[in-house]
Amino acid sequence: MNVVFLIAIPLLAAFISILIKKYASYLLVAVGLFNIAVLIFSKNGIVFIGGFDTTISANLLGITLLLDTYTRIALWVVNVLILVIAVLNIKTYRDYGSILLLAMAGLNGLLLTNDLFNLFVFLEISGIAAYLLSTSNKKPVSTFRYLLYGAIGSSLFLFGVVILYSMYGTLNMVVMIREISASNNYTEVILPFILMFIGLGVEAKLLPFNAWVKGVLGNSNVLSGPMIAGVYMAAMSFVLGRLVTNLFVFEGTLLTVVTLILVLGIVVGDLMAFSSSKVREILLFSSIAQSSIIILLFVNGLTIWAVYLIVANALSKTVMFLVINKATAETENDEVDSLKGLFVHNNIVGLTFTLAALSVMGLPLLVGFVIKLNYLTALAGAGQITLIAVILLASLIEGIYLVRLLVKLWYKGEKDLRVEYHFSFKMVFIAIALSLLVFGNYSTPLNELDNSIDTVSEVVNNG
Amino acid sequence: MASIEFLILFLVGAGIIAYLLTKLNTIVGSIFTIFTVMFVFVSLAQYGFGMDIITTVKILPGISFSQSYLGFYFAILIVFIYLMVSFFHPYFIDKYKYKDSYNLLFLLSLAGILGAFYTNNFLNLFFFFEIIIWTTMFLIPQGKSKEAAVSYFGFSLAGSVSLLLGVFVIFNSTGTFNINDSLALLSGNSAVLVFALFLIAAFAKLGAFPLHIWLPITHGNAPDPFSPVLSGALVKLGGFIAVLALIKITPATVMFRAMDIPIGHYLVAILGGLTIVFGTLMAIKEDDAKKLLAYSSMSHGGYILVAFSILNSMAFAGGFYHILAHALASAGAFMAIAAVSRVTGTTKIKELGGMIHKMPITYLAYLIAIISMAGIPPMGGFISKWLIFQAVIDKGMVFVGVAVFFGSVGSFLYVFRPLAALFLGQEFTEYKHVKEAPILMLIPTFVLMGLNIYTGVFPAAFLKVINNIIVELGYTGITYTTYVISGNNGVLNPALISLVFVVGILIAFIIFILLKKSRKVELMDTYTAGNFIHDEHLFHYSTDFYAPLERLYEKQSHWMTTFYRALAEKVKELGKLGKYLFMSKSLSVTLLWIISIIIFLLWGEVL
Amino acid sequence: MILSIFIGISIALFGFVLQTSIGGINRKIIGRLQKRHGPRWYQEFIDIFKLLSKRSVSHGWIFDFGVIMALGGIIATAMFMPLTSTFLAFENYDNFFIFVYLLAVGMLGMAMSASGSGNPWASIGVMRALTTMLAYEVPFLIVVLTIVNLSGNSSLTEIMLYQQAAGNNIFLIALPLGGIVGFIALMGMLGKKPFETYIAPAEIASGPMVEYGGKQLGMLFILHEITIFIEVSLFVHLFLGGATNIFEFLFKYFIVYTVANLISNVNGRFKIDQVVKFFYKWPLLMAVTQAIIAIYFGWVI
Amino acid sequence: MNSISNLEAVDNIINSTGKVIKKEPISDFQVAYEVNKSDVHQILTSLKLEGWKQLSYLSAVDWPEENKFELVYILLNWDKPVYIQIRAKIDRENPSMNSIIPIFPGAKYYEREAHEFFGIAFPGNPDYKKQLIMEQWDDIPPLRKDFDPRAYSDRKYPSREYPDNFSKKDKENESLEKQAKRRKRARKLRTGGEE
Amino acid sequence: MISTKYTEKKKFNKQEIDRKWWEVGDYFRRNSLWLLMYCTGCCAIELPPSMTSAYDMERLGMGPMATPRQADILLVSGYLSLKTLRRLIYTYEQMSEPRYVVALGSCPINGGIYHDSHPVINQLDQYIPVDTYVAGCMPNPESVLNGFVDLMEGIKNKTANGWKKYHKNYDWYKKNQFDVLGEVVIDDEFHQ
C-alpha cells in the first residue's frame, strides 16, 4: 500500500469529521486502525508524488516521501499511541476527534516527508493540532504562549530552510545531504543548521527554548498530557534525530555549543524536577532531561539507542502522565503531598506506574536499563567519559526524585485518596508495563533491529 | 551439581511462587521462603567450597559467570544471613503494608546478590547491583519511615553511578568489561580515576564517612527483620567493591616510606579511621537501639576499610575475618532487637527496660553478639580486631591507630547501652505480659550464638577459606595451625584463651557456690537513700546515658546531617534557578537565549 | 597443659595476695601521710574475708552471673600474666591484647551485673567507668603501639627481653613522653584520684558497687585486687623493663603502686567530662608525638 | 525613695482596696496590717500588681482565747525594701479561707502545711487535704494550742522505765555534789526558805 | 544401726563446724566494721574527729561506706522523728546480715531533750534492735570509739546479736513499728 494514505486519509477524515462531529471519535479509531494496516502492508522505499521527476538526484523540488525502518518505527509509535489515547478518551473528549486526526496527519507527514519545505508545512499542521489540543487544559494564556513559541520555532526553522535553499537550490533532503558533503564548506552551514536545530528544538523541548512546556504540560489532562509529552515528543525527537544524523554536520564550535545546550538540558532538567513539588512538573522536567539525552545520542551518532530511548520514554511517559493526570482530575491539585497514598487502593496501576518510573530511571529488568547500559557503553566506546559522567549525575538526581515520588504515592498520607481507573486504562498500563518488562529481559529483537537501521541510513546516503 | 544460573532462576521463580503463596497465607509463603533460601544455602555450601559450581550460562542472555573464592566468601556469608533472617518472616510480615510482595522482593534481592558475586563482567555486576538496590529499596519503606527509602536509594544510586562511571573508564582504557582482565590491564591515570570512583561506590555502600548518613536512617527505620540483612549482608557489598578497588587495582601512587603504603591507600585508611570515630561517637549518642547498631555497622565498615587499605596479608585476613565476624554479630544483635521490638513495638531505648526477665535467650543472643562486636575474646570479633591491630601496629600507622583503638574502646560504650537500659535495669510493668520469642525465631538465634562463639574459638576453619582468597588476590596467606594464629608480631591461641577463660569462670563459680546463699530480693528493693519509690520508670537510668560525654561533642554531631540537608537544599535552589532562567513566563527571555546562542556561534566561526 | 593451667592459677592467686598485702601496706602509708596510725597491713584481707562471710542479697541470676563472669575473666587474664621474663604460665601466649581485652570481659561482666541490680546509681557508675575507660585507653594504646612497633613483638616477655637486652634503655627512659602518658593512663586504669570518677562514694553512692554486699562485694574486691595486679604488672613489664627475678618484680611493683597511690592521695576528683577532656588533650598529644618521633624519625633514647 | 515613703505608699494601696482594722509597723522595713477576711484577696491582688510579687510565707497563729485563727501572709517586693504582713482572723470552729492559688500559685504548699498544722480548710486548693510533712498523722492538728505534745508523746511512744537505783553514785563526783548542796543551803538561808 | 564410732565423731558435726566457722567469721567481722552513717541528728558532728587523725577510726578497721548493702553497722546519730524512723527501718532491712546497730546520743535511748515532742520517738530499741548505745548529748569521740570497742567485744562474746533478735521477734518489732508509724512503706508524693 502506498504510504501517502498515512497522510491523506487522516487529513481527509479530519475534514469529514467536522461535518459529522458526532462520530468523529469513531472515525478517528477507524482511521487509526487503517493507518496501522497501511503500516503493516507498506514497503520501504521512496514515494514520489506530484508528477515530478522520479530520479531522486534530479528531483529538487518535488514532494517525496521516504519510508525506511527508522520512519517505520516512528510511525508505529505515533499511530499506535494516538490510537490508544484516542480510545481511552473516546468518551471524555469527544470534540477533539478531528484535532487528533489532524495531528495524526501532520505527524505522519512530518515523519515521512523527504522534503524540507514540506517538513515545515507538516510542522505547522501538527503544531496547530497541538495548540488546539492544549486548549483542552482550559488555560488560554499558556496555550497562547505555546502558539507564540511554536511560531518562533517554525519561523526559525523556515529561515534555516530558506538559507539552505538559497545555497544549494534544492529542498530534497537526500540531495541536499549529498551536496553538503560534496561542498564540504562547514562554516557556511552553521547558521542554517543552528536555526533549524533551534526551531525544532522548541518543539522537541530542548532546554533554553522550551518555556512553553511548563504552562502546557504543567496543566495537562488525560488527553493533552500523553499526546504532547508522549506522542509529540516522540515524533519531534524522531524528526530532529533524522535531521541531526543525516543532514546536520556538527563540528567544531557548533558541536560544542550543541553539546553544551544538551548537557545543560540534561542537568538543569533534572535539577528543576528535583526542586519541584508538583507531580506533573516533575514528570515534565524529567521528560525535558530525557529528550536532551535523546538528542545527545543522535548528535553522537548512536541512532539506534536514541530510537529505543524515544520509544521507551514515550511509552513510560504516556503511562505516567495518564496515571497522574487522571488522579489530578479528581483531586484538582497536583502537589505531591496531596496525592499521597494514590496507589494504596490501586495496586495494579501503582505497579505499572512504578515499572514505568523504574524504566525511566534505568533500573534493571526493565527496558530502560538495557538501553541506558547500551548507549553508555557505546559512548564509552567513543571515549565520551565526560558525557557519561554528566548523564550518570543526572540519572542520580532523577533517581532520587522519582523514588521520593514513588514512595509518597505508595504510602498513605493523612487522608484516604481514592481514584477510580477505568478498565481500559488498566489494560493499556499493563500492556505497556509488560512490554517494558519483556524487552528489558529479552533484548535480542532490539539488537537485531540495530543492524537494519544502519543499512537504511546507508541507503539514504547512497540514493 | 548446582549451577549458579539455575540458582538465580530458581530464586526468581520461587520468588513469584512465594508472592502467590503469601497472598494466600503469609505463614505459608514465609515458610516457603525459608525453604527456598535454605535450598540455595545448602547447594552453595555443598559445592561452593570446592569451587564446584557450574558457571556456564544457557538461558540468561548477555550474562556470564565465573567463580572465585572472593565472590564465594561474600556470597555464602550473605546467603547465610538471609537464611537466618528468613526465619523471622512468619512473625513479622503481617505487620507490613504490602506484605504480599515482601517475600518476592526478598528473594529477588538474594538472586541479585548471587549474581553480583559470581559474575565476571562489570556490566553484569552493575546490573545485579541495581537489582539489589531497587528490590531492597521497596522493602525499606515498609518499616517506620518512608524517607528512609529515598535516602537509601539516593546514596546507593550515587555509589552505583560512581561504580558505573568507573566501569566505563576501565572500558575506555582497556576495551573489555571482564573484571579480572580489565583490572589487570588497568594502569596509569585511569587506574587512579577508577580507584577513586570505585572507592566512592564502596564508601557509599559501606556507609563510610562522609557518605554515611543514609545508614542510620535506613537501618533504623527498615522493617525489623530486614535491618540485619542490611547491616550484616548488604553493607558488605561495599566491602566487595573496596576489595576490588584497594587490592585489585592498587594504582601506582606515591608511597609513604615510613609506612610502606601508597598515599591513596593511606588516605582511605584515614577516612576509614574517621568512619570509625564518627560512627562510634554517633552510636554513643543514639537513643534508638537500631540506629545505634546502624552507627556501629558504620564504624565496623571503617575497620574493613582500614584493613583492606593496609596492603599485607595479615590485614587482609583481618578484614575478611571482620566481615564475617561483624556480619554474624550484627545480625545477631539486630535480630535480638527485632525480637524485642516484636513484643514491645518499640526500639527506643528509653521506652524499654528489664527485658531480660522475660526474654533471657534473646538477651544472651544480644550479649554474645555485642561481645563479638566489641572485640572481646572468646568471640569472633576479637580475632579480626587482633589481626587488624597487628597490621596497624606493624605498619606504625599512628593516626589510624588512634581511630582504631578509639573505636574499639568506644564500642564497649555503645553496645553496652542497649544491654544496660533495654535488657537490664528495672522491669517495666507495661511489659510484664510479654513472652520469649517463639521457637522458630530462636533457631537462628541459637545458630548465630553458636557461630559467634565458634568463630572466636576455632578460627582455623574460616582462616582456610580466607587464605584461599588472599592467595587468589596474589598475596601469601597467613600462617596458622589448628589452634594458633601467627601474626607479624605475636601469636594468638584463641582456643587456649577460651579454655583459660572457662577455667577462670569455673574458679569464680566454685568460690561463689561455696559461700553462703544470697537472699533474693525484688528489683525495686534497691538503695534509694531511704526514699520510697514505687514507679520503676523513675528508677531506670536510660535517657541520655552518656550525657557527660555527649555534651562534649553535642554541637559537632549535627554537622554532617546539616551538610547533606544543605546540599539537598542547594540542589533544589539550583533547580529553582534553572526554572527562573529557562522557564520564565516572558517570551523575551527565550528569545534572548536563542539570539545569544546564535551570536555566540557566529562570533566564533563566521564573523 | 594442666600444669600450665595450675601455674596460671597460682599466678592469679599470687597476684591477689601480693596486691592485697601491698594495698594494705599502702593504706598504712597513707595513714602515716595523714598523721594517722593507719590500719593493720593485713586489713584488706580481713575486709575481703569478712565480706565473703556475710549473707548478701541477690537481684536475680544476671546479678550473680555477672559477678562470676567478671571474676572469671579477671582470673583468666591474670593467668596469662608473666611475673618475670622467664616465669609465666603459657609461653608465647602472653600477647598484650589478651590483657586489654580479657580485662574488658571483667569490666563487661561487672557492668552487666551492676546494671542488672536495677539501681540507677549502678548504671551511672558503669557509664562513668566506661567513659573513663574511653578516655585513658586510647593514649595508652598509642604508647603501646609505639612500644610494640619498636620491639617488634607484642608478647610481654619479648618486650621485657627487648628492654633488658644490652644497648636498650627501659621504655620509661627510651620513650619519656610515652612513659608519662603510660603512668597517667595507669592512674586512670587504677581508678586513682584525679580519675576516680566512677566510684565517687559521696556522689553516686559508690557507683557500680551500690547494690553489692556480702559475697558478691567480696568477689568484686578480689576482682579489684587482681585487676590492679594486672594493670600495675603491665606497666612494670611495658615501661620498666619487666624483671629478671621475682624480687626485682616485687620491688618495681611496690614502687609503681605506691607512687600512684601517693599521687592519688593529694588530689581531688575530676568531673567525668574533665577526665575525657584531659586525656584527649595532653596525654593523647604526647602519645602521638612520641609515636611519631619514635617510629617515623627513630629518635629513641 | 526611703523606706518611710515606701510605707506610706503601702498605706495608700491598702487603704484604697480594703478596710484596715489595725496597722502595726514592725520595723522600718516591715509592716503588718490586720484586715477583714473578705478583703484579703483584693489586697493581695493589688499588692501583687504594685510589685509585691513574692509570697514569702503563709502561716497561721492560734488564738484560743478569742476562738480565732489568724492567717498571716508575708509578701516581699524585689524592688522596694518593704515586707508586708497581711493578717486576717478567721473563725476557729470550722476554719476556712478561700485559697489564694489564683493570685500566688506558690501558696499551694503553704496552704497544705497550714491545713496540716492547724486544720484550716482552703477551698480552691485542689489538694489542700493531702498531707505534706507529717506522714499518716493521727491526732488533732499539732500546732493548735489545745494539742498537748507531751500527752501525745506519752501515749504514743513507750518511754524507758528506769529502776530507782539506776543512777549510781560516782565517787569522783561526791565533792561536786557536796558543793551543790552547800550552795543550795546558802541560797535557802539567803532567800528565807523559798525555793 | 548407728555405730558407736559414728556417734563419737559427732562432736565434729555440722553444727559444730558451723560454729567454728562462725567464730572465724566473727574475728573478721569485728575487725572490719563498716559504717553506714545515718546522720539523723546533731551527734553526727562527733564523727569527723573520731575518724580523722586525732582518734583514727581506721586503725580499728572501721570506715564509712556509702550504701546499706555494703555496711555492717547502722550508725544512728541523734534523735529520730517519725519520718526518719520509716527510712531508718527501710534502710536497716536492706542491709546484709550480720548487721549491727549503734545509736549515739541520749535521744535514741529515751528521747533526750525531745522526750516530750510529738514527732520524735523516745526509744529506738522498740522498733529495731540496738546492739550498742552510746549515751551523752553529744557523746564525745572517746565514748563513740569506746562504744565501737564495746560492740567488738559484743561480737566476740556473741552478745551483739540484734539482727538475730530481729528475726526472732519480728512480729513484735513489726507491731511496735505499726503502732507508731502505721505503714512503714508509704507513698511519697515527691518520689512518684
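Every chain is named by a letter (A, B, C, D and E) in the order it is written, and numbering of its residues begins at 1.
One rule holds in what follows: a residue touches a chain if its C-beta (ideal position, glycine included) is under 8 Å from a C-beta of that chain, and two chains touch if they have at least 3 such contacts.
Just so it is clear, the structure is predicted and the values come from calculations on it, not from any experiment.
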List every chain that touches both chain A and chain C. B
Between chain C and chain E, the fewest touch steps amount to 1
For which pair of chains is the number of C-beta contacts greatest? B-C
Chain nearest the global centroid, as defined over all protein CA atoms shown: B
Taking each chain's centre as the mean position of its Cα atoms, how many Å separate chain A from chain B? 44
Please report how many Å separate the Cα centroid of chain B from that of chain D, as a whole number. 70
Expressed in whole Å, how far the mean CA point of chain B lies from that of chain E is 57
Please tell me the distance, in whole Å, between the geometric centres of chain A and chain D computed from their C-alpha atoms. 95
Residues of chain E that touch at least two other chains are 67-69, 86, 94, 97, 186
According to the definition already given, which pairs of chains are in contact? A-B, B-C, B-E, C-E, D-E
Touching residues on chain B, where the partner in the complex is chain C: 258, 354, 356-357, 363, 367, 371, 374-377, 382, 386, 389-390, 392-394, 396, 398-399, 401-402, 405-406, 409-410, 412-413, 416, 419-421, 424-427, 487, 489-493, 496-497, 499-501, 503-509, 511-512, 515-521, 523-527, 529, 536, 539-542, 545-546, 548-549, 551-552
Residues of chain D touching chain E in their complex? 130, 132-136, 138-139, 142, 147, 149-150, 152-154, 156-160
Given the complex, residues on chain E that touch chain C span 24-25, 28-29, 31-32, 52-53, 56, 58-61, 64-72, 94-98
What part of chain B is in contact with chain A in the complex they form? 61-62, 97-98, 123, 126-128, 130-131, 133-134, 137, 141, 146-147, 149-150, 153-154, 157-158, 161-162, 164-165, 168-169, 171-172, 571-576, 578-579, 581-585, 587, 589-591, 593-594, 597-598, 600-602, 604-606
Under the definition above, what is the set of chain E residues touching chain B in their complex? 67-69, 86-88, 90-91, 94, 97, 185-188, 191-192
